[in-house]
Structure formats: structure tokens, C-alpha cells
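I'd like to ask you about the structure that follows.
Note that the chains are named A, B and C in the order they appear, and that numbering of residues resets to 1 at the start of each chain.
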Amino acid sequence: MATEVVNKNPAFVFQKKRRDKNLFAKKIMGSLTLAVLLLAPVIVVVLLIRAWPILTSKPIVELIFSKAWHPMKEAFGFYPFIIGTLWVTGLAMIIAIPPSLFTAIFLAEYAPTMARSLVKSFIDILAGIPSVVFGIWGVIVIVPFVRDYLAPILDRWLGFLPLFQNNNPTGYGLLAGGLVLAVMVFPIIISLADEVITAVPRGLREASLTLGATRWQMIRSVVFRYGRSGVIAAIMLGFSRAFGETMAVMMVIGNVPLIPRSIFDPAYPLTALIANNYGEMMSIPLYDSALMVGALILLVIVLIFNLISRIALVQMIRRD
Amino acid sequence: MKIKPKAEESFFRILCFTSTAFVLGILGVILATVVWRGLPALNFAMLTQIPKGGYYLGQEGGILNAIVGSLYLAGGATLMAFVVGLPIAIYLQLYQPKTRLAELVRLVLDVLWGVPSIVYGAFGFIILLWLGVRASLLGGIIALAFLELPIMVRGMDEAISLVPPALKETSFALGATKFETAFKVLVRQTFPGILTAVLLAFGRGIGDAAAVLFTAGYTDRLPSSLFRPVASLPLAVFFQLNTPYPAVQDRAYAAALVLTLIILIISLISRRLTGRLSSQIVR
Amino acid sequence: MYIPQMQIQDLNVWYNGEQALKNISANIPPCEITAVIGPSGCGKTTLLRCLNRLLEEGEGIQISGRVWLDGIDIYDRSVDVTEIRTRVGMLAPKPYPLPMSIYENVAYGRRIHGLNKVLNKGNGRNLDHYVERFLKAAGLWEEVKDRLWSPASRLSTGQQQRLCLARALAVEPEVLLCDEPTSALDPISAQGIEEQLKSLKQKTSIVLVTHLLRQACRLADHVIFLWMGELVEAGPACEVLNDPKDYRTRAYLAGDIG
């Protein structure tokens, strides 16, 4: 039984305006939120459209596995760049994982509260540093370090392995890139691994400690087992970050499109390829499509990695 | 040989501590490097003049073009991302708090957070081509806005999630609509958190090079129009670092220092705003 | 006999499938204090929040039944819920001042409903007058009249609760729902609130949820006793509290349960 009101009553009009405003706002906000869901597919589609000409004119196998990169002759083999990206990212992860995990364990298990907050804020600062600043640091500090110390020393001691042979006197190469990328990836792995480790329920921890285990024994048996998937997710996100990094690695890696044999060789990651050549890509046929293929490869791999890791993290944190 | 638990414990404890010290030490080295090279290059002329004679070769002038350009770029992008992002965060928190849709949107946003900025640059570039717009201030703003959106929304989402539900109920009990509750109560209550999210997004936007590379171009002039190329601090570093002219290199170092200082100031302000320390920056 | 201010008819509530209220039917008499008592978890707060439709803001809630306010079913689809909430106000257990000044807190309800400008409830008097009037009604005016524009969060807990009372009264509701309004307060502030409620009942019907039997004895004119989601007994306070008919009521009052 509704109340009957005269339409022109100012009170009624006022209330109706309120209701309409509320409804209108809800619709706008809702549409924007739904639009977010479309964003990733839209980016993929847009890149795909631009990349289409070359995807239809060259077989995918050739694009991925050919080593010939001569845009003027319409030869677009991405192999050296894919390999270069994998090498430098892999190297960066190998360098980054141990310090990151140990630091995360320190933060989660050993640090007193004040130290923990202080260190976390420094890690956040490290995370906020722009990639060009990492690049400049790489050029000023890391490249000479590799050139003058690491390369000669490792070449002398481990040079019997092709991996450690130094044929590159400049210092600009995979190792420099790997070191810079590793530092950029520290904050992600540290803060996520810390979150994962802290999420391990107190009861489990205490059960182990009350049985007389040392802290480290408890960490090894309880935390690692419980938090394993979360830590792997953190590492995957770090990998994804390194995979997509452009500026910093571009400034120290040498940008030579050859397949590297040793960690001192220069390489040419996919991101650097796109960034270095965007200026010319419109003037050579199919060049821009080819670079968009590169961007597409980056995007798809990062999306897959991120999706898997994020879902794993959500499930892990939800378990409690 | 069985390792004694106590020895093992000490070893790993020291290892973890050393590892942390190492990471912090690297941060120190990075900051020291930037200051060491950048401080000598920093003077009044550097900050208040644009490069004379072109930014590649000109031996005189400074980086004002990049400073102002970056502020316009990041400022415009942050504004755009805010206008789009605040409604989304409010919608997620107020209208769909624990639904699957909200979880899905949050997941998508977190995934988008990790998309490389060069992909946003390429995407923005294609859009600009279709619109017939050249590399310009507007192009850079759009690309950066996409980049900043996930950070902005997730930050505000978390800020609003800290509001006790009873406060929202209080507003409802007085007969307020959700819209009124959102903008008269929630936003006021979470203002520091929202401001922090905005600052964080701004910091990310101002430091990015790969997204503006394609979309904003570069110039040695001050920004004059939305439709002309604009300089930015990250690209100022990148383009001017590898030249044989020390004066041009100096501009790169100065730009790096100014950029780093901006980021540090933002970190400081956002820490004071939230009061407690949370790693909102890293996801 | 009286014409009830509110009538509850066959009210059922489920939380995610579990039934919290079973077939509640009751009357709320006008201009009296009705106390809703019972052991914890019996559904007192749930019942209260059905009366201003606040319950449905949560998730997984199902409600069936009718609630009449002055002859209108508040659950009818055509009814505007924000309007109902100006006629049925609420006081929560813990005070939650809105993030504004004291003045703006009290004025909030009147402002969003346009009560002073549009609905002619203003009678030409401005907002200041109303803020003063309701702060006096809540017993807070003397303490805050010099700092109306300072943030409400600076008040003590007792003062904040009185502010919330003023805020709820400012829209001039016919019914005031009080959910354990003194549970977060020290004894002196609690007594202050109780005094205010007693003087308010002349113009406003009050429904008071409390787990303090002594409070119910002090304040109630009418009592509703709930047990495990069911309405066991209801009636005038002197009857229910002094001479309960149901064994469960007797057990609760004697302190054997709850």
C-alpha cells in the first residue's frame, strides 16, 4: 500500500532527484568497473590487429625460430631476441632468488618489529625507483664492475666452461643486465614472500617451536611446506617483472642481436628491440607489425604468468 | 656429519641478516651513485632553463623542459586515472563488497599491474595512430593513465576497505543513499589513504620511460599544447646519457637526481599520510 | 488498548540458510519504551535491524514477513527505504561519529533529506536552531556549544554516544531503535543516556535491545522476550518481569540461563 503523493510536491521531487542521482551514479560506476574486465582482452586484440599483416604473411615457426633479423629484406626472426630475453631474465632470477628469500625470512621471522617496518619502507623505496635510474646506476657502477673485476676473475677461474668465457671487453652484456634486473626484482619477491610467510598460521609455528625446534628448523619444516606455492608465485611475479623490463636492461646489455654463449656476451632482449626501433618502424614495410608481434609475445607471457601467480596467492591467503 | 641444530640456526640467522644488509646496501649504493653524479651537475641554470642548441648536442641550458614535461604528463595521467579509478574503487567496496565479480575485477587489476609499460606504450601508440594524433602530451597522458589505473584503484580499494562497516551502516541508518554515503562519509574518512594511492600512482607515472617513449615523443621545448611532443625526465636521462659531450651528460645526471628526489619525497609524504608502514607500492 | 506504532507480522530471517528469527509477531506500542531481552544470540539485534531495514544491507540475508509502521508495510516494494529510515532511527552500541564536525554530524540527516529547505519541516527556522535543539535533547549542548565546529572524533566516548543520539533525533523519527546503547559507556555516561531516553519517550517510541536486566527493569514499559529466534513472551513490563508465564522467561530472569 504505497503512499499517494502529488507529483509537483517539492518534497517528492527532491526525493526523486536523490534516488535518480543514486541510480545514475551506480550505473556509471558499475560500467566503469565492468570496463576494467575488458581492458586486458582489448589490449591483446589491438596489438593483434596491428600484428596481423606479418602473422599472415610469415609462418609462426619462422618468426619464432629464425635467427635472421633483417627488416629491410623482410626477414623477421625473433629467435635471438627471445633467447636473449630468456637468458637475461633467467640469470636475473638466479641471482635474485637467494638474497630475496633470505631477506624475506629475516623480515618475517627474525626481525624485531621496529626493524621490520624500517626495512620494509626501504624496500618500498627501492621498488619505487624508476628504471632509468637503475639503468644509470648500471652504466656507472655495474658495467665497470663486470668489465674490470667480475669478467677477468671468472674468466680466469671458470673460463674452461664456455658459459664463463670472456670475449667481450666492454662489460655491457648479459651479466650486467642480469645484475641490474636482479636488483629491480628484489622488492617484489621480498615483499610478496614476506606476506606469504607471515600468512603461515601462528598455531602451526608455535606447535613446532614448543616441541623444541630451533627457529630455522621450524622455518624449514613448517613455513617452507605451507608457504611453498605462495613463494613460487612470488618468484613467478618477479620473473614476469624482469621479463617485461625495458629501460634499465637496455642501457647495459649491449643490444647486439646474437645468440649469447657466455654470460659476458651482449644480448638483445625483446623489450629493447621494440624500444630501440620504434622510430623507424613506420618507414619499413611490415616492421611495425613485427615489433607488435614482439609486444604481443611479451604481453601474453606476462599475462599468463601473472594470472597463475595471482590466483595461487589469493588461494593461499584465503586458506586462513 | 650431522650439523648441530644450534650451529645451523646461527648460520642461517646470520645469513638472513647479511642478506638483508646486502639488499639495503645496494639501495644505498644506488642512491649514492645518483647523488654523486647528479649533485655536481645541479645548479640554478640546470633547473630553470631548457636545453639550448638541441637536446642531443646543445652544450648550454638545462632540463626545465623535462621537469615541466614530466609534471604535466604524470599530473594529467594521475588526474585521468583518479577520475576513472575512484568510482571503480567505491563501486567495489560499497556495492559489491564480497561478490565474485569484485574478486574477478581485483584479480584482473592485479594482473594488469604487472603488464610491462612498453606494452602500454605500444597499445597507446596504436590508438594514437587510429585517432590520427601524433606523439604528444595527450598521447603520453593516455598511455600513463592506463599504466597508473591498476595502482590507483587497488590503493583506494584497500584504503576504503579499512573503514569499519558500522560507519557505513550509521550513514544508512540515517537514510542516506549509497551515493551520498560514498561521497560524504567514505571519501572523507579515507582521505589520507586515497591521497596515498594517488601519490603512489603519480610516482609510478613520472618515473616511467617505456610508455612515454612511443606516445609522448621528446622535445627541447617547454610543453605548449596537448598535441605537441613533450619532454620527460626519464627520457631526458635516456637520450642524453650516451653522448660524448659532458655538458649533455650532465643534464642526464641532473635529470636522474631530480627524478629520484621526486620519488623520495613522494615516499616520505605517503608514509606520513598512512602513519603505519604498509607495502602498498609493491604488489 | 492502544494502536501500535509498529506491528511485526510473521517475520522470518535466515542468515545463509540458517534461520535466525522464527515467525515473530509483535506490537510496538506508541510513546513507550519497549525492551527486547533474551540471552545472547537469540536474535534481538536481528529483530531490531529488521525494523529499519538495515539488515538487508548485509550479505546472505533472507527476510520474509511484514512490518507495519503507522499502517504502511515498510517491506513493500514501492516504499523508499531511505524515507523509512528517517521515521525509524537507530542508535548503535558503539558510537561512530561521522568524519565531520559536531555541527555537521547533527545536521547530516537533515541536510541529505533536505528537511529544512524542501519538506517544509523547517518552518522558516534555520539549521542552527535545530542543531542546538537536538544537542539539548541529547543532553550534550552545554558541553559542546563553544566548539560546534571541532571534529566530532575529539569527544569522549560518552559524549560521542550522546552526539549519535542527537544525530539520530535530528530527523525527528517516530521510532528510535537502541541497540545496547550503553554497552560501551562508563556508568555515568550510561546513566545520562538512560535519562535522555526516559524523557524522549513522550514523543518517540523507543525499542531498546539490552542484555542488562536491571536496565530493562529501570526503563521498560513493555517487554519482548526472545529465545533462540522465537518470541516467547511479550507484554507490559510489570507483568513479564515480575510474573512471567513461560518457564524459559522465568529461567532467564532468574539468571539460570543466558
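One rule holds in what follows: a residue touches a chain if its C-beta (ideal position, glycine included) is under 8 Å from a C-beta of that chain, and two chains touch if they have at least 3 such contacts.
This one's a predicted model, so the numbers in the text were calculated from it and none came from an experiment.
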Select the category (line, ring, star, complete, other) that matches the graph of chains linked by touching.
complete
So which chain ends up closest to the centre of the protein, judged by Cα positions averaged per chain?
B
Could you put a whole-Å number on the gap between the CA centroids of subunit A and subunit B?
16
Could you tell me the distance, in whole angstrom, between the mean C-alpha positions of subunit A and subunit C?
54
In whole angstrom, what separates the CA-based centres of subunit B and subunit C?
48
In subunit C, what residues contact two or more other chains?
82-83, 112-113
Scan subunit B for residues touching two or more other chains and write them down.
177, 180
Subunit A: which residues touch two or more other chains?
18-19
Going by the contact rule set out above, which residues of subunit A touch subunit B in the complex?
18-19, 21-22, 25-26, 28-30, 32-33, 36-37, 39-40, 43, 46-47, 49-50, 98-100, 102-103, 105-107, 109-111, 117-137, 139-141, 183, 186-188, 190-192, 194-195, 213-217, 219, 237, 240-241, 243-247, 251, 271, 274-275, 278, 291-292, 295, 298-299, 302-303, 305-307, 310-311, 314
Hey, which residues of subunit B end up touching subunit C in the complex?
97-98, 164, 166-177, 180, 184-185, 188-189
Residues on subunit B engaged by subunit A in the complex (per definition of touch)
5-6, 8-9, 12-13, 15-20, 22-24, 26-27, 29-30, 33-34, 37, 84, 87-88, 90-92, 95-96, 101, 103-105, 107-112, 114-120, 122-123, 125-127, 146, 149, 153, 177-180, 182, 200, 203-204, 206-210, 213-214, 234, 237-238, 241, 252-253, 256, 259-260, 263-264, 266-267, 271, 276-277, 279-283
Subunit C contacts subunit B in the complex at 52, 54, 57, 59, 82-86, 89-90, 92, 94, 96, 98-100, 108-109, 112-113, 164, 167-168, 171
Would you mind writing out the residues of subunit C in touch with subunit A in their complex?
71-73, 76, 78-80, 82-83, 112-114, 118-120
